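Naming follows writing order (A, B, C and D), and every chain is counted from residue 1.
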Amino acid sequence: MDSLIPALENHLPILQVIVPLLIAPFCMILGSRRLARGIMVLTAGIMLAITLGLASLTLQQPVITYDLGGWAAPWGIEYRVDMLTVFILFTINLVHMLASVFCLGRQDGNLGTAARPAFYTAWLLCIAGLNGMVVTNDAFNVFVFLEISSLATYTLISCGREPLALLSAFRYLVAGAVGATFILLSIGLLYMQTGTLNISDLSRVIAERGSDRTIILALAFFIIGVGVKCAVFPLHDWLPNAYRFAPDSVTVLLSGTATKVALYVLIRFLHDLFGADFGFAEMPLDMVLVVTAIFGLLLVPFIALRESNLKRMFAWSSVAQVSYIVMGIGLGTRLGIEAALLHLFNHAIVKTAIFMAVGIIIARTGTARIRHLGGMAHRHRFASCIMLFGGLSLIGLPGTVGFVSKWVLVTAVVDKGWWWLAIPILAGSLASAAYVWRIVEIMWTKPAVLKPEAPAARLHWVEWLPLSVLAGLALWFGLNASLITGLASSAALGLLNPGG
Amino acid sequence: MSFPGLLNYWVALILLVCGLIIVMDSRNLVKKLVGLGIFQSAVFLVFITLGKKSDGSAPILDASVSVYSNPLPHVLILTAIVVGVATTAVGLALVARIRRAYGTIDEDEIDDRPEVEPEIVP
Amino acid sequence: MITPATAVFIPFLGAILVVAAGNRASRLRNHSLVATGCVNLAVLIVIALDRGSHAEAQVLLETLPGLRIAFHVEPLGLIFALTAGLLWPVTSMYAIGYMEACRDEHRTRFHALFCVAVGSAMGVAFAENLFTLFLFYEILTFSTWPLVTHNRTPEAVSAGRVYLGVLLTTSVLMFLLAVVVVGNFGDTLSFRPGGVLGSLGPSATTVLLLLFVFGIGKAAVMPFHRWLPNAMVAPAPVSALLHAVAVVKAGVFSILKISVYTFGFDSLESVLRHELIMWIPAVTILLASTIAMKQDDIKARLAYSTVSQLSYIVLGALLANQLAMVGSTLHITMHAFGKITLFFCAGAIMVFANKKYVSEMNGLGRAMPWTFGAFLVASLSICGLPPTGGLWSKWYLAMGTLERGQMGLLAVLMVSSLLNLYYLTAIPFRAFFLGGDVDRGFLENRASMVAALVTTAAISVLLFFFASDLAGLVTEIKT
Amino acid sequence: MINVVADVGLLCLLLTVALAIVCTRSPLSLVLLSGIYSIALCTLFVILDAVDVAFTEAAVGAGISAILFFAVIRPEDEPVTAFSWPSSRAILLGLGVGVLLLAGTLDMPMYGDHLAPAHQHLALRFLGQSFEEIGIPNVVTSVLASYRGYDTLGEVVVIFTAGVAVLILQPDNKKGPAKPGDRDRFAPELMGNPVLKTVLLRMIPLVVLFGLYVQFHGDYGPGGGFQAGVILGAGVITYGLLSSATRLKRIISDKWVTLGMALGVLVYGLVGVAGLFLGANFLDYSVLGPTQTAGQHLGILLIELGVGLTVSCTMVSLYYCFKQGES
């Protein structure tokens, strides 16, 4: 036993991915829905534990690598864990853990009996794919795991109750496949000019032989491809409907994980693969990303303001919030990345909480129409208050996590000398206040439209527990952000100076 | 400069654009998937072309051969083809379900339908 | 352990108590409300007596490096906190009576949010840095929104939208931006005597000053004053404590505190076109007074009067000298006692006689002698006439304008006082001397409300004799 | 030289077919055209020395994809006009993107350039040392199964995910009444033809035998678990097409198919985990046998089995699900 534990420690990077990956088919074999659910939550717990284990390892040793198949790095596939990896792993596995507890209380979509365990299999495959994208240090491996998670995601979205879920899933499939193929092409062009696929090796070769038009083309394809997956403003078309029509538990899972991992891939490739010198000094990438972000965060709230469906409104808000993260990434500085990571984490927990609260209300009332929400706050106090708190955090009021990340973002833009960017950031906050307050006004002050549902459905522990944990985290990190800021800052530092 | 030069890449590029045009322009869901296939195949062509060495042969080791083409792009594209067919299969399964739900596979016809609201008792 | 943080948290604790007691234990709820107010006042007095030992920052939490939630005690904040703390238990008593008279169903929510608002005002008063100030400023905004929309009528909801819209837009777009500028270009976000903007050039300082003056929308400097008359749809106790004392005073207090501790008098004097900027509040003073004269709705008239009086304090802050600073600080207190009395009276007239228009008040004086008596005393205090405390604040402000050599501004102060005299004393005059032939009987039948308004009027008079102590407190500040 | 001529000719064919697809509206024509496209593409891959890829493209593009498309399209989808130009907006956008991309190609290495960077770094080791390290002549298989074996695990999982997805998406039959007869809609006469039926039924064992050959000969020639899985699956599906899906289900029930799908992934994964228990890294086969090459041999054999199992079962599962959708 004693010998097994240090052995396990060495294999933690791969366990993070293969545990869900191999439990998924197992879930399928068992064929029982109850068992599958139990296994899903258990797996989520194990994954979170592995992440914490990895975190404690990275504190002793900044970079952990793992050669798959025993083949040394550029020839085989390599896993690489550093502070940034751990930060993202922690974010997505935390959200996944809570989302899978929340999922216990939901109907699993519009499924026949035979397909029910398959839903949980797809769920596990989705999160396994996302974890795989985070840990790997191989460009092509990113593509493979991206596809695993994407296919599972399309499936999960299509399980929504309304038939439009199918069309939304199809449109996401087409958009996602185009995006992934762009990424594949980008990897191909990089391979063409370097002869390697390992991210660290690629970055070394690019630095040695310098860039050319092919590499520039690869960068452009990569940005577009990953932009689709992140739902960066002009490439966001798939997201609102996908989030709206997906089953509630799936929306909860996706909003906190899928786009976040895509953003991580963006950060990782820009800095570790193409290199900051190429992207930000040679190419005007900072301008491109910042300008798209400005458009996103100023225009999208107005679309959200005219939205008639609660879930889709918050989906639009996700598009707007992604813009802040993209702006942080676009600055390309240490503070910018720190702000992006902070906002990524904060938005993950806040939006997950909001979608959970929305899910609770939809489950009780059967509608997500905004005009049906009148007086809901008095009927579903807990869920409404969480939604309010989440909304305040989206606005970025002091005392919420949203303020912390926006403050760091503003500090970052001032630090870069682009202090005028503070104005669109603040204006974006104000614009989000408009759509949040529209909901608050209806829920708290308008008369009830719907008949009260017959039995006052009480909150089950699988509903209030994950919500309380998320709200507690959001509150705590809003008041005392030193822990999470410290992590984000050392992750950003590790990314920019891998040596020291 | 040997003759085909960059021709393969240029053709791949045109195929890529053709695929994109089909995906963007068509309202028929099946045609979109066909377009997606062409789009992906253009990328496959880029990979396979870059692995080719003139006068090389397939990378199966044999005493009588001295020049082999690059095996790595082949491996990658094997995987990519499988991914492509998996995506197509899921897409087609979705199309089949969409047809059952709406009786059509034309996006315009589906979009024209009013959204069904849940029953509300005021 | 009595610290400024205690004074901030007691009202929040009170809110929890009120919610816990709820509508079912309404007596317990009412008692705990008043008791909390009294305990809070006691704590404030202890802090005031022992103020020297709390001058250092007391850090509760460090949100980010440089972004701390911290409290400290300094004279300006202490005076604001004492004013609010003294008025809170009085208003609680009044509010209990008023809400019972109105048979309101949501009393628990009302009282709980009231506590939260007072707690935020305490937070603003004792804030050690701009971040803490902004935090409590925004809590105050959001906690008073449900109070403004308390009646849930369409007018209340749309007034609430204006209220929140103006306050949030100004605070996020300008106030927060200004805080960001100070955080990134100033020495620190903390308040330090003499200011923290040493390295900022005059043009940047000017922009920053304008951002603060307009960004702190609660100070209701025109053109960002619209929310205040709109907020008058709220029940009278809300208008009384929040829109005469806590909310609006939090705004002007913030401007005063920022001008003293973030800018410092030296920085303020370096501002470009200083004279012109000082005319911004001066214009508001005159315009608001003029509008107030035309208002028939008594609460609207009082609201515009408040807009006008708030700009006195802003003007005092911008004058950047010690006399004006003393005048502004005193005016926070004097105007608070005067204006709350007026709002109490307006509420009492509404409840007892069911009248809200000035033109309907003829002859009410005999039916409600205490109410209109108190109204008269408070009007004198607002106008700055003896024997009320209002005299001293206007005195110091006038001295401040003289020291700066701004005769024009002095004239504005005088003209505005005359206008005040006209539109405020007209109301008790009508009540006592016009249309006296109708006998309505004695209408003042709720002791708690009458007691409250008489108390505040009496304190206005008492302040005439104790103003020098307050002024002495303010001069402790090393500028 | 002949290679170059064939290359150019096939490129022209590809372009023509692609343009035809752009303008075609009829789903049936589209599917047939995309079959032609696939075959042209796979011939081109052979000329470009990518025999394994060509094999896969033939099995997938011309085989499985076509079957799946046929299962979904319906005669009633046929439009009145079978032909239309794309909108000018799309053409303009496409041309714009194309011209930009054209500039990006100018730094690319020429066709067949031996000195291209792609042939230098990793490829040298794969071509030069894989025989000593792995011990099998097909370098593509060595790279696929061992050096980049983890990608292949991912690939199997993708197939499995697609299987799960289609399983979830199959309509619940309890909701709609099933119609009798599950013959193919586009070629009922063909499949009902007794001559064809007899011949094809006799061919199924041969197909299965070929599939097994491809499975186990992948180390030495083109082929491997994936291609074999597709061929085996196709053999089984042929039986279903000739008799009926219901009868096929009686022989291989859908539960077994699902089990096989999952089991294949598990076999692959557990071979990797076995490495962990033997003190090596995940998917390190060297420790499985007495010598490194023996271990690699055993590992590759086992994982290819896993791949074949998952792929063939998924193919059958897809067939079942799409059949269900038709009824």
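One rule holds in what follows: a contact is a pair of C-beta atoms (placed from the backbone, for glycine too) under 8 Å apart; a residue touches a chain by one contact, two chains touch by 3 or more.
These numbers come from a predicted model, not from an experiment.
J.: Name whichever of A-C and B-D has more C-beta pairs touching across its two chains.
T.: B-D
J.: Centre to centre, by mean C-alpha position, how many angstrom separate chain B and chain C?
T.: Distance between chain centres: 68 Å.
J.: From the mean C-alpha coordinate of chain C to that of chain D, what's the distance rounded to whole Å?
T.: 75
J.: Hey, how far is the Cα centre of chain B from the one of chain D, in Å?
T.: Here the centre of chain D sits 13 Å away from the centre of chain B.
J.: Distance-wise, how many Å sit between the C-alpha centres of chain A and chain C, to the nearest whole number?
T.: 45
J.: Where in chain C do residues touch at least two different other chains?
T.: As it turns out, chain C has no residue touching two or more other chains.
J.: If a residue has to touch 2 or more other chains to count, which residues of chain D qualify?
T.: 101, 105-106, 108-109, 116, 118-119, 122-123, 126, 148, 151, 154-155, 158, 161-162, 165, 169-171
J.: For chain B, write out the residues touching at least two other chains, lowest number first.
T.: Residues 16, 20, 33, 50, 72-73, 76, 79, 83, 86-87, 90, 94-95, 97 of chain B each touch two or more of the other chains.
J.: Got a list of which chains touch which?
T.: A-B, A-C, A-D, B-D
J.: Mind pulling up the chain A residues that touch chain C in the complex?
T.: Those residues of chain A that touch chain C are 392, 395, 397-399, 404, 407-408, 410-411, 414-415, 419, 422-423, 426-427, 429-430, 433, 437, 441, 444-447, 478-482, 485.
J.: For chain D, which residues count as touching chain A in their complex?
T.: Against chain A, the touching part of chain D is residues 101, 103-109, 116-123, 125-126, 146-151, 153-155, 157-158, 160-162, 164-165, 167-172, 174, 255, 258-259, 261-263, 265-266, 269-270, 272-273, 275-276, 279-286.
J.: Give the list of chain B residues in touch with chain D in this complex.
T.: Residues in contact with chain D: 1-11, 13-22, 24-25, 28, 30-31, 33-35, 37-38, 41, 44-45, 48-62, 67-79, 81-90, 92-97, 99-100, 105.
J.: So in the complex, which bits of chain A are touching chain D?
T.: 7, 11, 14, 18, 21-22, 24-26, 28-29, 31, 66-71, 74-77, 111-115, 118-119, 121-122, 125, 128, 132, 140-141, 144-145, 147-148, 151-152, 154-155, 158-159, 191-197, 201, 205, 209, 212-214, 216-217, 220
J.: Provide the residue numbers of chain D that touch chain B in the complex, in ascending order.
T.: Chain D reaches chain B through residues 4, 7-8, 11, 14-15, 18-19, 21-22, 25, 27, 30-31, 34, 37-38, 41, 44-45, 48-53, 56-57, 60-61, 64-65, 68-69, 71-74, 77, 86-87, 90-91, 93-95, 97-98, 101-102, 105-106, 108-114, 116, 118-119, 122-123, 126-127, 130-131, 137-140, 143-144, 148, 151-152, 154-155, 158-159, 161-162, 165-166, 169-171, 176, 220-222, 226, 318, 321-322, 325.
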